[in-house]
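One chain, subunit A, links the two complexes that follow: it is found with subunit B in the first and with subunit C in the second.
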Partner chain A sequence: MTLPNTTSTERAGLLLRAWPLQLLPWAVSAAIVGYAFIVGGYVATVIAFALVYVVFVTGLNLFMGFANQVSFGQNAFAGLGGYASAILTTTYNWPVLPAMIAGIVLAVVIALIIGYPTLRLKGHYLAMATLAIGLITYEIAVEWQSMTQGYLGISGIPPLGIGSYEIISDRGQLAILSIVALLAVFIAARIKSSRMGRAFLALGASENAALALGINVSRTKLIAFLTAAAFAALAGALFVHVVGYVSPEVFGLHMVILGFTMLYVGGIGSIAGPLIGALLISLLPEVLRGFKDYQDLFYGTALILLLIYAPRGLAAFFERRERTGSAS
Partner chain B sequence: MSDFTYFAQVLVSGLGTGCIYGLIGIGFCVIYNASGIVNFAQGAFVMLGGMITQVALTRLGLPLPIAAIIAILLVAISGTVLERVVVRPLWDRNATMFVMILATLAAQIVVERATLLAVGDQPRTLPVFTDLPPLKFGGVAVSLQLIWILVTSCLIVAGLAVFFQKTKTGKAMRACAIDREAAALQGIPVKRMLALSFALSAGLGALAGVLITPTQYTAFNVGVPFAISGFIAAIVGGFGKPSGAFLGGLLLGVVQAAAIAGFGSGLKNVAALSMLLIFLFLRPGGIVGASK
Partner chain C sequence: MITRLSINNLTKRFGGLVAVGEVSFDVPVDGVTAVIGPNGAGKTTLFSLISGFLPPTEGTIRFEDDNIVGLTPDKLAARGLVRTFQLVQLFPEMSVLDNVKVGQHLHTSSGLLAAVLRPRATRAEEAQVEAKARELLDLARLSHLADRPAKILSYGQQRLLELVRALAAQPRLILLDEPAAGLDANESKHLAAMIRQIAASGVTVLLIEHDMSLVMSVADRVIVLDFGRKIAEGTPAEVRAHPAVLEAYLGGVEIADV
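For the complex of A and B:
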């Protein structure tokens, strides 16, 4: 990136001043997680949820922030991953780790089957089709009672762990989830700077330009979709094992709006955005007392206001503009 | 009951819900034509129509016709509020299509949750408009509510056709649909047409909600499935054509009724959603060609 009308020393000065700001979201996130780790108990549980959402939102960001595609149905893949892992561990007594992996594989396979025809759609049709995929998954979770136990949900799902070692303590869960969330963010950052990631960004900027550059547009879209689905499924699987319970409501439309609110608070298209967005939005209900009942009402309103008045979210403050004209 | 009368019975009940989907689909078209926006909060209007009528009926003790008219007017006003508070600011900022969809979807959730807080999560229903035994045509029973739905819908569709063809306002709205800039140059207040389209669309949605609630029920979360059904109706009819949307709605209603007869009512929404996906996938050329 070159800044017009600046000498090299001015540019260095700009970079120096930009650095602490860029580090700010990481520092704040570390402080929040660190605080939860020290306090433990309920705060640790809240932050554990937030970290699960970091994984989900990071996937959403890959597909929508980088590749500039539209999906309102990522909750479907979180639901698939979560339910598959829950059913395999409870009904079929699988160990947790293989069950989670199976859940992710299942979600990716279904995403491949759905993604192939869906991603050929554009605009409103793509939006409505993905919304429909999320709703179909919800309806199936409600109706397929022999498998999912309908509205009642599945309880008694074993906690995260490997072999006979189970992570039950709040702090243990928090530690493992921090690692997973950080890994997810790290992978997203790696993807962004990789050849594939640059293809995502090119696709996001202009489909025709990407095509002219020799990028296989439909394959790139599909890969972005599958990656996002894998992240969503991982988040879903983590969720059921952390909470120990799953019901259709967990992966309803509520999850979509919550995910988008987090993404837009943090800043769509940025690396640290999903992390800081998920943490801050999860903390809000705890800061404001008696807020629980109004949660979704608040998230929806906040999302509308963000879209109108601050479409770049917090990233506008802490991240340098990487592409000119990316604010659209 | 013979196979034929069973078939006819399914067809008749499908046509009833089909009219409702058609009305919702027309609501999508009216806004889309005036602005190129697909309003994902369309289902909120349907839910509010039934819900406000129910509340006015039970809590305020108003007679049904007055409660229904009040509900439809209130929802039409809420449509313009949505336009002014959510859509217009984004419109003025040249927001992308995706942002507009997300914002209207968020508005849907806000309305849903506010309704949940206001009236709780219990499903509610309305009394039928005319409490008389169903008419019998051969072995096929046709409830009077169904006749209300059919007659009202047909009147509305005819009324809209006259409105768009004959009145100055209707013609102005069609001009906006054809070319917004040219319409503005002719002195048509394009933004006022946008507000009007939201009011009209919301009123249609509310009417659909009032008509259907006696045969089904309404609850805070019925909006999204209704919106999707209306959207399917609009797509099947070729997006933007009100009369096409109505026929699309009838088709969807019949298909859905057949699915319910075949697989049970639990899969009602799955049938509609699958029809959406099948339709989108199998007719990509014609459909994608019309997208913006």
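For the complex of A and C:
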């Protein structure tokens, strides 16, 4: 066996070089949120939406990044969570927190009903089935007017808050959303380094090997799917209470495309990826606003360059030293 | 002789092709049993049938006291029947240590909530999983690479990792699909020693192998397949002198080489 034996000093050197780079996505994220907090106003609103997407994309990452499955239908669960919370707080006068929880429970139940048969499908079939879920949810939001008010949407949704205490200010919302987003990222990190997380990663890498080691693959996929649905529903519920309004367009297919972009740019499978991806992709249109008519062109070019030079996303790009290291 | 695995009249047809035809043999609890045969003899199909990855067309497979035909691979692993693959199936992005931890999935129970809240029982379970994984990595001489991604391992190291990962599942019967494929002479020797050690610890070993030197050095019994049929069975010495075997191996060139 011809292995370069890394001595402890070499390894320490490797860590020293790798450590600050790995921290970079976190530092940049903190700087962006901090800046928005200080500046307030419009920037704070943009970053507030970005933080909601951090929750959504973190869930997507569990299912797509860890378990290596494809879902085009996560917007359906965001829609379910958002609409349930919006309807319960407006039509039925529920307090915000129980309404949000009810929305998440509803989304998970629906995800169970849909996921149980479809997760037995593989590859493209699963992707097509999930795409259908998103489209059906959209149609229901449009057609079930007595509940959803169709295209008009529901307005006057109360802001986030507990009891009589409502968080109305930009900065207050930013603070609570930062906490929730960090909590989501923390949960994903804990899952990744646990028995279930390892099972997600294992079936994502080789279903046959996972099966051969006794992992119930379809059940484990279902657990990953339900968890991702819960994250999506939480994001959807946060969204409607932050904006105060919901319409079918809010949870359209563009949400899936945006979520995918954030996930791939940030770094699929990594913990910091959804965070940095959601923040940067949300900021990009603002940064490119100066280019006016050429905005889309620059946006597209920026994405292509990112995917060429950091194909595994920004978070993985900064981890690269550690990954390929010295032994090979 | 106590039997761990008993195969009776096992047949697998793909359309008109008989990949495995009316094969019967017993695998005793003790020692190492090898299945050999020329390319296309049906060895890997046989393994896929035993490990639940393919359903047989006919016949029965008894593991200990039960007919296991129809059980999925994960259920079989839970019963103590674990396999490795001819093409190494590691989890390449996961660390070497985490690969072995996955092997212990069956013998641990923490769920998602425990993952997030990490109560004491979960932390204790995790510590145990880690200790056991490190122990197994010592056995494979891979401890110094525990925290590296599995994909950086050499081919031989990957094979050893797959083997100890399977051991982590605590099988009573382990199926090794060409464990020496791609190994150099030194690695092959280390592997042979490990296989003897596994068998000595009470785990029944059933392996498929092309590498005759490995078969002759580790196997207690050899079953020879040719065109999906069992053509001979016996000790390595008996089998290498068997006329049908010499015939199957084109005048016995491969065996005579050993």
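Following the convention adopted for this analysis, the second predicted complex is superposed on the first by the 289 of 328 C-alpha atoms of A that agree within 3 Å, B and C clash if a C-alpha of one lies under 4 Å from a C-alpha of the other, contacts with A are read in each partner's own complex, and residues count from 1 in each chain.
We take it that contacts are C-beta pairs under 8 Å (C-beta built on N, C-alpha and C of every residue); 3 or more make two chains touch, one makes a residue touch a chain.
The structure presented is a predicted model; accordingly, all values stated were derived computationally and were not measured.
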(Q) For A:208, using the defined touch cut-off, is the partner it touches subunit B, subunit C, both, or neither? Pick first, second, both or neither. (A) second
Q) Regarding the shared-chain residue A:121, is it in contact with subunit B (first), subunit C (second), both, or neither? A) first
Q) Looking at the overlay, what does A:93 touch: subunit B (first), subunit C (second), both, or neither? A) neither
Q) Of the partners subunit B and subunit C, which touch A:146 in the superposed model: first, second, both, neither? A) neither
Q: Across the two complexes, find the residues of subunit A that touch subunit B and also touch subunit C.
A: 328
Q | Contact footprint of subunit A on subunit B as seen in their complex | A | 38, 40, 86, 89-90, 93-99, 101-103, 105-107, 109-110, 112-114, 117, 224-225, 228, 231, 235, 239, 266-267, 269-270, 273-274, 276-277, 280-281, 284, 287-288, 291-292
Q) Given the complex with subunit B, which residues does subunit A contribute to the contact? A) 64, 70, 72, 117-118, 120-125, 127-129, 131-133, 135-136, 139-140, 142-143, 253-254, 256-257, 260, 293-294, 296-297, 299-301, 303-304, 307-308, 311, 328
Q) For subunit C, which residues are in contact with subunit A within the complex? A) 51, 53, 72-74, 77-78, 82-85, 89-94, 98, 101-103, 105-106, 108-112, 114-116, 118, 122, 125-126, 129, 141, 144-145, 148-149, 152, 154, 156-157, 165-166, 168-169, 186-187
Q.
Quick check on the complex: what are the subunit A residues that touch subunit C?
A. 1-3, 5-6, 187, 190-191, 194-199, 201-202, 205-206, 208-217, 223, 227, 269, 323-325, 327-328
